[in-house]
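Below are two complexes that have chain A in common, paired first with chain B and then with chain C.
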Partner chain A sequence: MVHRIPLRGTRQRRTIRQKELQYSWRWQLEHWVPIHHRKAWNGDINNRKGQIFKKLIGLDLMVGISISADLPFSGQVLQALHQVQHMLSLARPRFGPRESKKAMLYSDVGRLNCHVTYTTFSTPIRGQGFDNKEYSSMLHKALEGAIILETFPKTTVDIFALVLESGGGDLPVIISCASLAIADAGIMMYDLVSAVSLSCFGKNMVIDPTSEEEACQDGSLMITYMPSRNEVTQFTLTGEWSTAKINEAMELCLDACSKLADILRSCLKENASELTS
Partner chain B sequence: MMSTKGYKPESGLAAEIEVEAYRRLFPLQYYECHLAESVRPDSRALGRARDTTIALGPVPSADGSALVKIGDTTVLAAIKLEVMTPSIDSPDVGSVAVDFQMPPICSPVVRPGRPAEAAPVIAKQLSDVIMSSGMINLKELSLISGKAAWMAYLDIYCLNADGSLFDAALLSATAAFSHLQIPLVSLNDDGKLITVSEEVKDKAAVEPVNKENRKLTIAVVPFSLTCIVHGKYILADPTSEEESVMDTHVTVVLDSKERLVSLYKAGGAVLLHTSVVKDCIVLAKQRVEELSEILRESLSAMEVD
Partner chain C sequence: MFAGEENIATPGEILGDSSQFIAGKGTYLAPNGRNIHASLTGQRRVVPPPADSAEKRLTVEVVGHKTRGAVPEPGVVVITRVTRVMARMASADIMCVESKAVKEKFTGIIRQQDVRATEIDKVDMYQSFRPGDIVKAEVLSLGDARAYYLSTAKNELGVVSAQSIAGKNSAWKQVF
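Let's turn to the complex of A and B:
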C-alpha cells in the first residue's frame, strides 16, 4: 500500500507516485503510448519462474515498451504452438476532461467514455475498420474502479484505443495501454491497471495467447489487476475449468500482472524524466 | 518548447500580458511578431520543414507498411494485397484503392461518430497523385492476364494531426509502396490462387505463379510540401496551429525528377502572385531533395537488416 494516492483534500500527503509521475494535469498530450507486447518462450518446462525483460523500442519520440517474457508455464508445453506474438495497440485519453454535455444530468463525479476501434489492416483478412462495442464496455468496466472520478466532477474523459495490429490477447493489451495513457495524461488513479489473459488447453495453460492459440482454446481467463493495492478490477472466465486449475491460472496471471505493472511503471518514469530533462 | 526569440512587444497590451496569454488571445498578432523577425515560435526558419523520420514495416501482418513522423504529425500507412479478377477492358492491370482515416485519437477537433471533413479530401488528392505521377506500374500488379490481378488496399491512419497531413500521408504511402513485398501465390487443383508460405516454397509440388517481381519498381517518387502564405511571408510545413491561424495553403507535389505533379491552392483569402507560387516551388524542390535522402536512407537501413 506504499503507492496509494491520497484522495482529494489530503493534499499534504504527497506520495511517491505523485512525484514519479509528475502529476501536472498536462491535458494537451504530446506523447501517445503504444504498447508492444511480445512473448517468446524457449520451451523449457523447468524454467517456471522466468524473467521479464524490458527493452525500449527506438521509434524516435514514441514511448514504447517491448516485453520479451519467459513466463511460467505448468504441465506440458505445447511445442507446436510456440511462436512469437505480435500485437500493437494505441490508447490516448482525449485531451483531458472536457465539460459534460448540457443534456447530461449534473454529476459530482467524472464520467468515463471508452471507445475501442480496429484499423482495417489489423486483422489477417482485411475488413472495414470497426468499433468493438464489447471491448469498449469491458475497457470501461476495467478502468472505472481505478480512476479517481471524484477529482473531476461535471466533466468527461474520453479514452480512445486504436488497435493497429491484432495478434491475440487484444483486450488485455488495450486495457494496460489505456491505463498507461491515463497515467501519462496526469489523470488521478489509485494504481496502474495491468491486464493479462491466459488460455487453457486440456491440462495445459498458455499465458498471453496468440490468435491461433485463442482459436483452439478450451477456456480462457483474463484478470485486470492493480498490484500496489492488490485489487482485481475485472475478472473474466470462459470455457471449461476445474476449481484447482482456476486457482493455478489466477496465480499465474496475477504474477504476470505485477511484472507487467513494473514495466509499465518504469516506462512512465523514463518518459517523465525525458520530458523534464 | 516555445522560443521567445524575436518576440519584442513594443507597447500597449502586448507589453503587459504574458507570452502564453498573448499567444492565445491574439494568435495572429503573435505570429506576426515572430514573422517580422523571420522566425517561427518553434524556432524554425520560415522555409524550413520539421524533422522527418520514416520507419518501415511497423505492421508485420500487412504486405507493406510505413510510419512517418513530420514533427509531431504521425501517420501510419499499410498495404494489404488481395487477389481479384481484372475487368474485361483492362485484363492485365491490377488496381490500387486509397483510403485516409482520421480517428478521434489524432486531434481534439475530430469527434467520435463524426468523421473529419479533411479526411476524404486528402484521400482523393492522394489517389490522384499516386495514379497520375506514374509512381507504380499497375501492370506489375497483374498475375494471370484476364484471370487474376492484385488489388492493393492502401489504408493510411493519421495517429497525430499536427499540420501538413497531406505531406505526411503521401510520404507514408510512397514509403509503404517501397516496402511492399508481394506474397508468393500458386494455382491449386481447382484453378484457384492460394498464397504460398515461405516454409513450403521449396517443395516441388507447388509452383509459384509469381517467382520474380516480388517488389514493385517505383519509377518516380512524388514528394510534396505544403506552404502557408501570409502577406509577404511563406511558411513551409506548417503546424496545425499555424494552419488554423493563417488560411492560404499551397501544396506543391514534385516528383524525384523535379517535374510538377500537382499543385493545390484551395481557396483562402489571399490571392497569390505567380512569383509567390514560384517561390513555393523552389522550397518544394529543396524539400524533395531532403525527403528522397531520408527515404533512401531508411530503405537501405532496412536492406542491411
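Let's turn to the complex of A and C:
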C-alpha cells in the first residue's frame, strides 16, 4: 500500500502540469495560427462539423542545442515542440559517419541506422521507456531516399530520436525532426523531408491528429515529402478510403508538408546565420 | 564576413540554373539536368571560372556551417597506430585523416606487398612494424568489410614515431 501513495501523487501532479501546459500552448497557438490558416482555424478543436480541419502548424523548432556535455553522444541535438499535440521530440545524429560494424557486408554506399525511443514520461500514464521498432524502420525508410548515401561509402550514420512527450502523430514529427538534425549536422542530402499525418472520421479529415483523435479514427494517411524536388519518400494509408477522398487528403497533406518545410528551412537558416556571424 | 540569412542555403533549395552555373561542392544537379540544388546547410558562394578556361559559367557552391566527421577516402594520407603485426599484414587504427582527428575509430590494414615499393616479396613484417608504432600511410582503397587497405610504399610514408624495446623514443631518422 505504501508505494501506491506517491505513485498516485505523481499522476495527479502530472495531470495538473499537463493542463497548465495545454493552456500555455493554446495561447501560443493563437499567435501562430493566423500566419498560416486564419480562415480554417476557428479555435475549437471539438467543432468539426462538415469541414476539413486544418489545425496544422503550431510548431516551434530549435536546432543545435546541447543538453548536457556528459551525454554519450554530445552531437547535434534538436528539439521540436508541437504545440497542438504536446509533443516534444529530439533527434540527433551521432558524430558520424562512423565505421560500419564488422559483421556487415561491404557496401559502396553509406548506411543509415535509426532508433526511436520513448521516455518513461512520454505518455499520460507513466510507463517504461521503450524502443519503437516499427517507427525505427519507418523513419529509416523515409530518410534513406533523401540522404546522399554515396558521400560516405562503407560507413554508418546513426540517428537517435527520443520522444519526450507523445500526444499523437508522433512519427511525422520524428521524421521531420530527424531530417532537420541531419541537415544541421552537415550530412549531404537531396532535400529536407517533411512529414504530415491525417486522420479521417467519416466525411471529415483532421491534419496532425492528437492521440484521442487517433484512437477513434476511421482511417489514417501519412506522407513524407521532399518539397523542392516534389517527391514523396514514404506513403502510408490505413483504413477504408475512396479514391476521391485519397486525392483530397493527399493534396491537404502535401500542402501542409510544403508549409512545414518552409518552417524547417527558416529554422535552419536562423541557426546557421547565428553560427557564422 | 557577410552572413545574412538570405545568403544561407538549406538542402534542396534551388540555387540556379545549369545554363548559368556549374554545380560545385555541396550542391548537386537535379535529374532533369536543369536545376542546381543545395545539399548542405551553409554559406552560398559563387566562384568565377579560371581566366584561361573556355568555360564561361560561374561555379556555385555551398560551404557547410558545420563539418561532419572526417572519413578516410582512397588517396588521402592518414596517421595510424599499429595494433597487431602478423606475417603477411599489420593492422592499424586510423587516428587522423590528413590533419583532422577522426571522432570514431576506423581500422586499416597494411599488407605485406604494400609496405614498400621495391622487393615487395622480401618484406619482413616483424622487422617493419611493431605494435604501438605511429605510421603515416596512404589509403589505397576502401578495402573489404573489415578494414581500409593502407600503403606505405612511398618515400614520405612509413613509421614516424616508435619506441625501442627499452622504451626510449626514437627519432624518425633513426628508424630508417
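Just so we're on the same page, the second predicted complex is superposed on the first by the 194 of 277 C-alpha atoms of A that agree within 3 Å, B and C clash if a C-alpha of one lies under 4 Å from a C-alpha of the other, contacts with A are read in each partner's own complex, and residues count from 1 in each chain.
To be clear about the criterion, a contact is a pair of C-beta atoms (placed from the backbone, for glycine too) under 8 Å apart; a residue touches a chain by one contact, two chains touch by 3 or more.
All values reported here derive from a predicted model rather than from experimental measurement.
Of the two partner chains, neither chain B nor chain C is touched by A:237. In the superposition on chain A, no contact is made by A:250 with either chain B or chain C. Annotation for chain A, partner touching more residues between chain B and chain C: C.
Legend: residue contacts after superposition of the two complexes on their common chain; A:273 is shown touching chain C, with no touch to chain B.
When the two complexes are overlaid on their common chain A, residue A:109 makes contact with neither chain B nor chain C.
When both complexes are aligned on chain A by C-alpha atoms, chain A residues 95 touch chain B in the first and chain C in the second.
Interface residues of chain A facing chain C in the complex, by the touch rule stated above, are 76, 95-100, 102, 104-106, 108, 148, 152-155, 183-192, 226-229, 261, 264-265, 268-270, 272-273, 275-277.
Partner chain A is touched in their complex by these residues of chain B: 53, 55, 58-62, 65, 67, 69, 72, 74, 76, 78, 80, 82, 99, 101, 103-105, 108, 112, 153, 155, 157, 159-160.
Partner chain A is touched in their complex by these residues of chain C: 1, 3-5, 8, 10-14, 26, 28, 30, 37, 39-43, 64-69, 71, 103-107, 142-146. Chain A meets chain B in the complex at residues 30, 32, 59-61, 86, 88, 90, 92, 94-95, 115, 117, 119-122, 124, 126, 129, 158, 160, 162, 164-165, 167.
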